[in-house]
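One chain, chain A, appears in both complexes that follow, with chain B as partner in the first and chain C in the second.
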Partner chain A sequence: MNIHTTPQRTPAETALIDAFSDRLSLLPGDGTVMLKRDDAIEAIKSGLPTRRIESWHYTDLRRLLTTVPDFDPAAAPKAIAPVVEGSAVLPVLNGVSSTKLPEIEGIAVQRLSEKLADGSIAPGLDPYGADDAIGALNTAFVADGYFVDIADGTEPDKPIELQNLQAGGQTHVRLSVRVGAGAKAVIVERQAGEGAALVSSVSQLLLEEGAEVTWLIVQEQPDTATHLAQFKAHLGKDAKLTLFVMNAGGKLVRQEVVVRTTGEGADFTLRGINLLAGDTHTDVTMVLDHAVPHTASTEVIRNVVTGRARGVFQGRINVHQYAQKTNAKMACNTLLLSDDGEFSTKPELEIFADDVVCGHGATVTEIDHSHLFYLMARGIDEKTARGLLVKAFVAEVIEELDDEAIVEALETRLDGWFAAHG
Partner chain B sequence: MLEIRNLHARIVDDGTEIIRGLNLTVKAGEVAAIMGPNGSGKSTLSYILAGREDYEVTEGDILYNGQSILEMDPAERATSGIFLAFQYPMEIPGVATMEFLKVAMNEQRKARGEEPLKIPEFLKRVKDAAALLDMDMAMLKRPLNVGFSGGEKKRAEILQMKLLEPKLCVLDETDSGLDIDALKIVSEGVNALRAPDRAIVIITHYQRLLQYIVPDSVHVLYRGQVVKSGDKSLALDLEANGYAGVIGQAA
Partner chain C sequence: MPAVQDTIDRVRKIDVDQYKYGFQTEIAMDKAPKGLSEDIIRFISAKKDEPSWMLEWRLEAYRRWVTLDEPKWARVHYPKIDFQDLYYYAAPKSTPGPTSLSDVDPELLRVYEKLGIPLREQEILAGVQKTDASELEEPSDNVYKSGRVAVDAVFDSVSVVTTFKKELAQAGVIFCSISEAIREHPELVKKYLGSVVPTSDNFYATLNSAVFTDGSFVFVPKGVRCPMELSTYFRMNEKNTGQFERTLIIAEEGAYVSYLEGCTAPQRDENQLHAAVVELIALDDAEIKYSTVQNWYPGDAEGKGGIYNFVTKRGDCRGHRSKISWTQVETGSAITWKYPSCILRGDDSSGEFYSIAVSNGYQQVDSGTKMIHLGKNTSSRIISKGIAAGFSQNTYRGQVSAHRKATNARNFTNCDSLLIGDQCGAHTVPYMEAKNATAQFEHEATTSKISEDQKFYVMQRGIPEEEAIALIVNGFVKDVIQQLPMEFAVEAQKLIGISLEGSVG
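Here is the complex of A and B:
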């Protein structure tokens, strides 16, 4: 005889379910969108994922999400300068997009609230897989964001920065971007703010044939915020995506990266830096599907762990049966600087094709003492020398981006973190 | 300037004693060559002078300008004017060479109570020093020593030595890996640093380097001790007759 018991709801689960009833009348959406919201809140009612769910094994969301703040309509985040000087900025403040949209040639920008109201964004609200808690949370509550359409062949001369800024409370935002055939763009996804917030943010990117995008996620939430984010991309024929993720803040962070190559010749690069301090938990989970032949991917993740911080990288690469000639390489390197910090890494390769090159590796190291000795032997004191070496460990990944303005801008963010946590 | 008294030192990890009662005095303005067969403790001595933690001094003392340096960490020794040109300079990915030079020069200036160098002055010094050593500035844009050939690494060491203007220079097998042209350039670089208030200790296996940097004194190291000292003719004698004769006398 089986006894099936539903565990008691946690305060966070209860708060989310109650918040949904309260917010329902304010949420934009046509009939289809509202049905998807219903499905999503049903998924949350069945419980937040625990360590028993494989993809959440290292981030027991049910246990870690202890409180959920109320929505705060009065929260007013401060405007911030873009990461790369001169970028076109599209701000979402406290979950609300701007009515004043910049005019950029070849780029159409629409407020996401409109796309929800007319239902045209509905197909994108579907969850991926069975355990998509972040997708469900976002679909239930998302009220705004942007839809950006970059026309075929457009090459904007400056980056576009999508800013998601909070000042406490809850915000649920969606950033959806289509990049037309042959178009080439740099997009910065900025996640920041202040206060004890719950943020869910889902980014969706569609790359048409031959499109080339560098997408930089710069996450600098305060150590009082829970940041649950998802980045989903489809890469068409000969499309090229370089995704750079920098996690440098947040109390509880999960950044999911879900990428699918759908056209031959597609090329995906993931470069990630996790700078972990204090008593925080940061999880980067990637699911990459090589769904067609002749596609390539490389992933390099570098982590710096200090204090009592905990980090996770899960990298799953699925090579489908017909995806011959796939070339996939993944590496995760961690610099563990404290006895109380920890980092868990789980690479997974699931390969159904027989003519592929796939590999993965993971290392956990401390600072190389011979390097430290060399720097000190030139008169650099121990603290400064350690700082140089730690920065070097992650800066290598940034320098690979090979664009001077971007490299410089990201190194400035890096210096900011080291100044605050060195 | 440098006085090593009855120095005994061992490897921390396994306790092997490498330096066994070494005595050596080097005066200001002097160029001293330390020669010896493989395994005699030459490189270990250089590391101990620079303060590497893998070695532990168990007896004796090292005096630099009359003060013991044993309690000083490598950075303190460097800022006080001791410089080691490494036999195998480390490759440090991610640390830009120029950034490293700037930090090192300014840290040393800070320790001496001087203002940091302004960028144009810093660049000028680096350019001038690089030109003397026939080094391409493009090389210095790369991460520290990464992808440098053996000869380029040795030049980069001498470049650092010129820029940091130390008082006690220790050159560990600086000639290894250098072709004859590079050897001449590096030697000229070292000779240009000879000064009445500076001492230079050259550690080498072969006499070759000493044709270009002529030493004032030559010391033979064997089994962790200086077994014979002499003038530059001792180096020629070693070249002609090998170490066996000298070591035989000592044993």
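Here is the complex of A and C:
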């Protein structure tokens, strides 16, 4: 324990560092952006995080990231239909944004490669902490994505779907969205593909005063892909964000959620479902900062673990000293359905203000036998009864979203997963 | 709750200086030179007349220790400790190994008298009890007087006296200082020492293994229910010394023992180090109950001085149906870094952890537990209550894990924090790791301040604010206080009242 060692670089670390020198000439960016890329690759050179880094305790990236595929310019992902029919789709295919951009009133869309080239996105490229390996990886390699600006007071009548699709190789994408004062929008972030890719994706969301956003992350990578994602949001005065995260795929997945309330009256809701199967590793890590008084948050995460899957949920709520009257509640419930599966959870509270109400709860258990008995006593066979109970356990979280079209679309995806893994 | 009024009265009587055990005593001391090296370890070992295997064990630990770094993960901040600027051995000068109380330096006996620790067993045997209520409030009152308690008194580096040895020996119980056990019962010590906390365990445990000077040893043989409560009282007196004690408790098949631990130190401007290791071993059907009231000097109102309390405590439920229960009341120390844990190895074994951690002034507490479920049908229960006031930081850090073979492992965890004032912090860091589908873990935590409604309700009945808060706080910690032996419970309630004094307003 604690013995000094000078670690040797792993093949994955070496591959990333080599890929950076190869790609450097192709990466867009002005002087500031390129300096930030240099800093980022320096961070990677000092080693990927191990379990000794507290925030990576259950996801030892250095050990788990065994191979890094080469960039594949020829990879051509197939287009897919949006989660909610009729959405405005902004696709990023193999890490490249589309030149044909949809025209929506009140919404300005720009390719991120342009924002990188002129340096206007540079301030957002800084990592949020010394242990921000996903931020560093993305900053070093990001080449494209979208910048979406929703004007003040705009209320688009259909969802906007940002698709990040891969077909092997490496893709590093950034999706940046600003929602103006009083605007209201539904945004779907779709992460999918069909190859054994290494994907890094960073989403940035800024909510101005009174803005209201429902953001859905639907992650359905194949079980060969490595998916390292980050969602960062700032909530202004009276802003309201409902974030829904669904993880239903990927070999090695880490989804970070970094949210900060910066205006009084801000309200954050996180709902997540993690459907884990096979020999996979999925980690959802949230860091929530209540930085100003009178803000509220609730988080509910439901996990289903089957096969040899390993799941992780880490949630840290920081209540700053100035943030009196904070109301924060977090729950993480897990159904562990197989003896080979495992789930680790670490719900943290860091509280520096006294006039607050904060709580968290966590449970890990199997299906309640009395529930199972109740259904089977009514003539339902065990397999169907189990299926019903597991589905009810996760569907409860989906049904809280009050938009019918979204609830229906997500339940379809849920059914799809159960059909494939039930 | 009659003790509440008592607490309040007591708090009022105490001067600005709240810490009543802050006196120091001039006693002729025998000290090793400052610093740590293999020579110092040889010196300690020779002083204690130890067999060579023990010296080798210490040296091996020392050699490992020099390769280790201090742990940094806890939420505590302090200037770097210079381990070469400490005395690792300090003992009162007296005849080696006193055989009766009359051999003990009378000055030393006066110290324990002042602390309210009964070393004069004949007095207790004769039934000399102070029952007059007015006497309760004297600082010299004796918290253990209502029952018979065997005491091992540890003064700086050595155990000065152990009471009731004869009577315990009749029941087959061995209760003595660990140095005596190394000399008299080497086969037991060899078999169990380091089997729960190995020398390589962590920085402070390794340091302790190299330099531990004394502590208590308890062995309860098969089928014996220890006839009385056992207790150790630790006192740090010398300047610039570190106290490194080692406690080893073994309960054989079907045995039961309840053990209490108390500690105090003089008030000093510099920080002092206390790095102890406690190992508990429970075989089939055995039960060990370990209670601590920790009241080391916490430092003054500006956060100057105080004890660094870096302790490794671990119990091993090695046998089937064994049980280990930890109860702790933490009110002292400038910094507390302590995680009494249970390894639930035997099938159907169970572990419990009840804790109250009160921090005020500039105290920093990072405490909690580990429940490691390895056997089948094991269960554990964690109740932790943290109360932070003043400028203090109070962290609960705990781990519950079920290994692949731990079918039907069951855990319930409840940790609540109460904040008094807006300059303090309360933190909860629980780790839950389930690798077995039949495991059932529940965890709940809340943090809040004393609810205005509750306070209003109490005050509306004519109870002044300070008393109302004391009443609510005592209600908040009731679950844990109930687990303490009676004599300790009263003392603990008083301590909580004292620690929180001045935080209301």
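As a working rule, the second predicted complex is superposed on the first by the 417 of 422 C-alpha atoms of A that agree within 3 Å, B and C clash if a C-alpha of one lies under 4 Å from a C-alpha of the other, contacts with A are read in each partner's own complex, and residues count from 1 in each chain.
As a working rule, a residue touches a chain if its C-beta (ideal position, glycine included) is under 8 Å from a C-beta of that chain, and two chains touch if they have at least 3 such contacts.
Keep in mind that what you see is a predicted model, and the values were worked out from it rather than measured.
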item	value
Joint occupancy of chain A by chain B and chain C, clash or fit	fit
A:P11 touches, of chain B and chain C: first, second, both or neither?	neither
Which of chain B and chain C A:R378 touches, first, second, both or neither	first
Partner chain(s) touched by A:H369 [first = chain B, second = chain C, both, neither]	first
Partner chain in contact with A:G153 - chain B first, chain C second, else both or neither	neither
From chain A, separation angle of chain B and chain C (C-alpha centres, steps of 10 degrees)	80
Partner chain(s) touched by A:D355 [first = chain B, second = chain C, both, neither]	second
Which superposed partner A:P102 touches (first chain B, second chain C, both, neither)	neither
Dominant toucher of chain A (residue count), chain B or chain C	C
Chain B versus chain C as contact partner of A:S338, first or second or both or neither	second
Three-chain overlay, closest Cα atoms of chain B and chain C, distance in Å	14
Contact residues common to both interfaces of chain A (with chain B and with chain C)	none
Residue ranges of chain B touching chain A (in the complex, touch as defined)	50-53, 73-75, 77-79, 83-84, 86, 89-90, 92-95, 99-100, 103-104, 107-108, 111, 143, 160, 164
Contact set on chain A toward chain B in their complex	369-371, 373-382, 384-385, 388-389, 391-396, 399
In the complex, chain A residues that touch chain C	1-4, 54, 57, 321, 324, 334, 336-339, 341-366
Residues of chain C that touch chain A when the two form their complex	67-71, 73, 200-203, 404, 417, 419-449
